[in-house]
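Next come two complexes, and both contain chain A; in the first it sits with chain B, in the second with chain C.
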Partner chain A sequence: MAAERRKAIPSTSDDNKPLDSDKQFLERTNVNAVVRDVLGKIIANRPEDPVTFLADYFEALVEEQSSLVQRALRVITMTHHSRPVFEVNVRDSYNLLSKHKVNKKLKGVNGSVYTELLQALCRNLPSSVTIKLVQKLECFEHEAVPYDVFRSSIFACCVLREYAFIAEQLFASLDIQKIGKADKALCDAVMDQLKTALGSSRNDVRRIIESSYNLAPEGLHQALERALSREQTQGVCTSEHFITEACDSFLAKVKKLK
Partner chain B sequence: MTLKEDRFTMSADRYLAKNYVIVYLEDAISQLLAHREENPKVEPLKYLSQYFSSLRDGNHTMFREFSFIKSTSHSRASFVRLFWKCFRQIGKKGDLLSIQEYHSLLGLLCTDFPFKLVQKTARIVLIDDALDCLISFTDFIYAFQVQFFYEEFLDKCSELYQTLQQSSQSPRDPVIVPTSNDQDAGGAHQSNHLPVDGVDSIAFFRSVYPVCDRVNYSTPPVAALKEILFSTPRISFYGFLMAIAKSEAINEHIGRLPPKMELLEGADIELTSLPFKLPGTRSRPPSGTVTQRSTSSGHGRASLTQLQPNSSSLVRGKLSEKANRIRSHRQLALETSDESDDTSSDSSDD
Partner chain C sequence: MDKPLNCTIKNPVNLTLGDIKVDMLCGCKVVDITFPNIMSPEVGEIRFKNFYVATLTVKAKYRTENTPRHTGDQPKWKTCLKRVKLMPDPHSEAGSHDYISLTSRQFRCELSNITGLRLILHQPSPVWREFKLEELRLFRSAGGPKTSPLPTWLLEEPKAKVQKKTVQRVASSTPKGGEGGVPDLDGLSANLQQLWALAEEVSTSQTSQSLGRFEVDGCYDINLLAYT
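Here is the complex of A and B:
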């Protein structure tokens, strides 16, 4: 049985077919172009797991029925937002969304499809955070969304996503007993450091340096030491609560669009 | 972690090679072309999509040639998992098999699977002697996993071990002297008394350490090796391999097999759904294996699984038939043989 299957291996069967027809076949079915394209995308985006990237890419090619927002989302999440190619991806996703039909004659990115994309981007965040973010970045449903607004909002979303992820890891390291709950005194100490750091304005150089010191391991260690020395049990703090609070201090820095 | 950071700075060629992108793309195309000969109306993009999603889910190794399975670490680990999925019932029944029988089971999934690898695996379980002993499924699969997944690393370790052993047997004993400072007196003391049994494990760690994460083949995490080698003053080579095979941290690092306690649990769910998970791969190789996704994520593939119910049950039937034959043969042998055979393999079980 297994021996029969070996027929499927090219080395044994390729010789019967003229190579030329294989070439024509790949050319005719556009496989060549697709492979060239995906290879280019992989090199540009350098995904951490190229196999998953390939699977997602081909899945997206086959599933034409997936919505514009889903496709735009896929393009945006192809790479990390610190990479130069992110800019290109955002541009691509904006172009994709421009195919959105507003009414019979009009196509373009309006507030509703834009909000949908923002919500899709924030799907893994606590819902209260998403609501607050969308409130800040909101455009009216009938409004046309220009590219620069689109770009900066998407960027804010991506940074927030990573910020929330880091906050989660921070919580995990505060959760010493690994029970899903951390000591409130410790959480508050870290949160205070974070808030003071985020509270610094862009122009105040001294405070920026101070805050980066405060968030460095040594600064945090001192703050945690102080919190522990006070030795008062204030109860516990859950992961979601911690993340929400951390995100709130981030959101305070996001300027309202309108 | 450091390797992950590097991926943006390394050259495109290096990045592609490190992740085997070209290997997979080339294989996908050649599979597609081979598939087209029997099915001229194949939709290439659909086929490629199925190929890559089965690759992502680790269901791409069934009935493939050994050279392909061996070519990437992802494929190696996926193959070990496939072996576990298919023959878990042997472990559940508690049967003990000989290495020839394990080899024929592997041959069902990969026709040209080399016997040498099974032999090497048996050496780990049986600590390098009595290769005709029977081995339990649990022992076998974990040893097989490390032997197959870390083959190059283990070969390198063997080399280092021999060098170390030779140098430590010399009267001057240059390797062990410095370690007596940070080790307690016991370590040095023992090394004087047992010069042939194994090598100083700290010294061995020092020679293995430079290899870890700095070569282009897979190596176990350094922390796990530390745990193994720092817990005992002296270690023999096969004792070292056995410890690697038994290490839960290393198993977790490879990330395909469940921990030992759960290895044979929950088998019934998977087993009953196995007929749908092993569809005929002759006419549509990767697409068939796509359906072997775990049940939790398998809803989207339901339609695919129903495409070829006949051939799938055929394959499944043949596999279990073979397994049953081996099992019944085993039982006969056990019944007729005296207990000595049985107890010797039981002791290797633990």
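Here is the complex of A and C:
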């Protein structure tokens, strides 16, 4: 409304710089496009906390100097890895990283930016886990990283992040007294269950049925009872130890790049 | 495997409304089955392949107590199966080509000492022009197809195991109250299952593309490289 009205009145300013209408102003400053872009992104990514998402977006817009890896990281972490748009984001970040200058003439994703990105993604994980993961997914500095490898590794990292988070929650529920330490026998029993489940191959139907039974509350109860009745191992288990062990069984499933 | 009963299956009879010449089908057919060569027919199972039959009713004709020559006695009919749904929705394809086995557990009355069976096929939908039962066979005792080897091997065993375990659990769940140290099992189980699912997800979505390394395990080990 206001825009229409103002347009109707001819600009009668004395200086020769004419005043824009609101619309013109938005277009001239490119705010239109930016807002449209961020709205599109927010709809596609459906972040859990939209306000933080907006803040991050504009922050990234303002600070121009952030490195390629930082920008790629931001694109990847925009959404949860189970959402369809994740694939698009990974593609975008790959394209971003392809601007990386290898030498004067050559641009592309090589092992060094790739490893840097992986490490940035795994920043919050225990360092021993990160080291093992990077060992599995490592690309050497001179190697070009094809998209397929990139996607699969990034996906593995993102899932591992969530995996570690859930493992932490799991530990918190095992830590009954809330002292940061849980009973070792209990942890071992739970970990055994998890390892058996993860150890079953995809094609072995009977093993899968069995392990899914064992992970159900009833099966778990039985296993824990058995473990607690034995009661030989005394001691405690720390959160980090637990998470590392859980992640190890995850990493066993990740194939080494070749 | 037992053999199908030796019986005579007559051609289906279309029930029509009014004059037979007027081609007006009412969506109902009758198939009669008789047992001319068997002394005491007994049916434990009916197997067939459906072809667009929506519901099935089975009536059985029993041998009367008196001598069959007794003219005053009407034969005794009993409904053995009433309107068994073969297609969940008569107007759509679902279930239209299913293999179906009806066993004595589903029968309302025992099919022994009968002289004939009458199958009444219904298809209320005008969408299908033809409907019938294919490969119709009767068996003396039920449970024939369940002995087919693969599915039983696959499905029966874990089930039996699960049942055994549940029994054990019931037996051992009494001292559960005394065990104060165990946390929320439901949450624990949910978390563990999530972990498993995540790991599986990753292991399936991994690339098989290679980076083009020509490395035989450890051949680039620094200790093995020569300085030349």
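In this section, the second predicted complex is superposed on the first by the 235 of 258 C-alpha atoms of A that agree within 3 Å, B and C clash if a C-alpha of one lies under 4 Å from a C-alpha of the other, contacts with A are read in each partner's own complex, and residues count from 1 in each chain.
Convention: a residue touches a chain if its C-beta (ideal position, glycine included) is under 8 Å from a C-beta of that chain, and two chains touch if they have at least 3 such contacts.
Predicted model only: the values in this text are computed from it and were never measured.
Of the two partner chains, chain C is the only one that A:254 touches; chain B does not reach it. In the superposition on chain A, A:155 makes contact with chain C only, while chain B stays out of contact range. More residues of chain A are touched by C (comparison of chain B with chain C). Once the two complexes are laid over each other on the shared chain, residue contacts for A:106 go to neither chain B nor chain C. Once chain A of one complex is fitted onto chain A of the other, the partner contacts of A:29 are limited to chain B, with no touch recorded for chain C. Once chain A of one complex is fitted onto chain A of the other, the partner contacts of A:131 are absent, as it touches neither chain B nor chain C. On the side of chain C, the complex with chain A involves touching residues 154, 157-158, 161-162, 165-166, 168-169, 172-173, 176, 179, 181-189, 191-196, 198-207, 209-213, 215. The residues of chain A lying in touch with chain B in their complex are 1-10, 13-14, 16-17, 22, 25-26, 29-31, 34-35, 39, 42-43, 46, 48-52, 54-55, 57-59, 61-62, 83.
By the touch criterion stated above, chain B contacts chain A in their complex at residues 4, 7-8, 12, 15-16, 19, 21, 24-25, 29-38, 44-46, 48-49, 51-53, 55-56, 63, 65, 74, 107-111, 281-282, 285, 315, 318. Across the interface of their complex, chain C is touched by residues 139, 143-146, 148-149, 151-152, 155-156, 159-160, 162-163, 166-167, 169-170, 173-174, 176, 183, 186, 190, 193-194, 197-198, 202, 205-206, 209-213, 215-222, 224-225, 228, 246, 249-250, 253-255, 257-258 of chain A.
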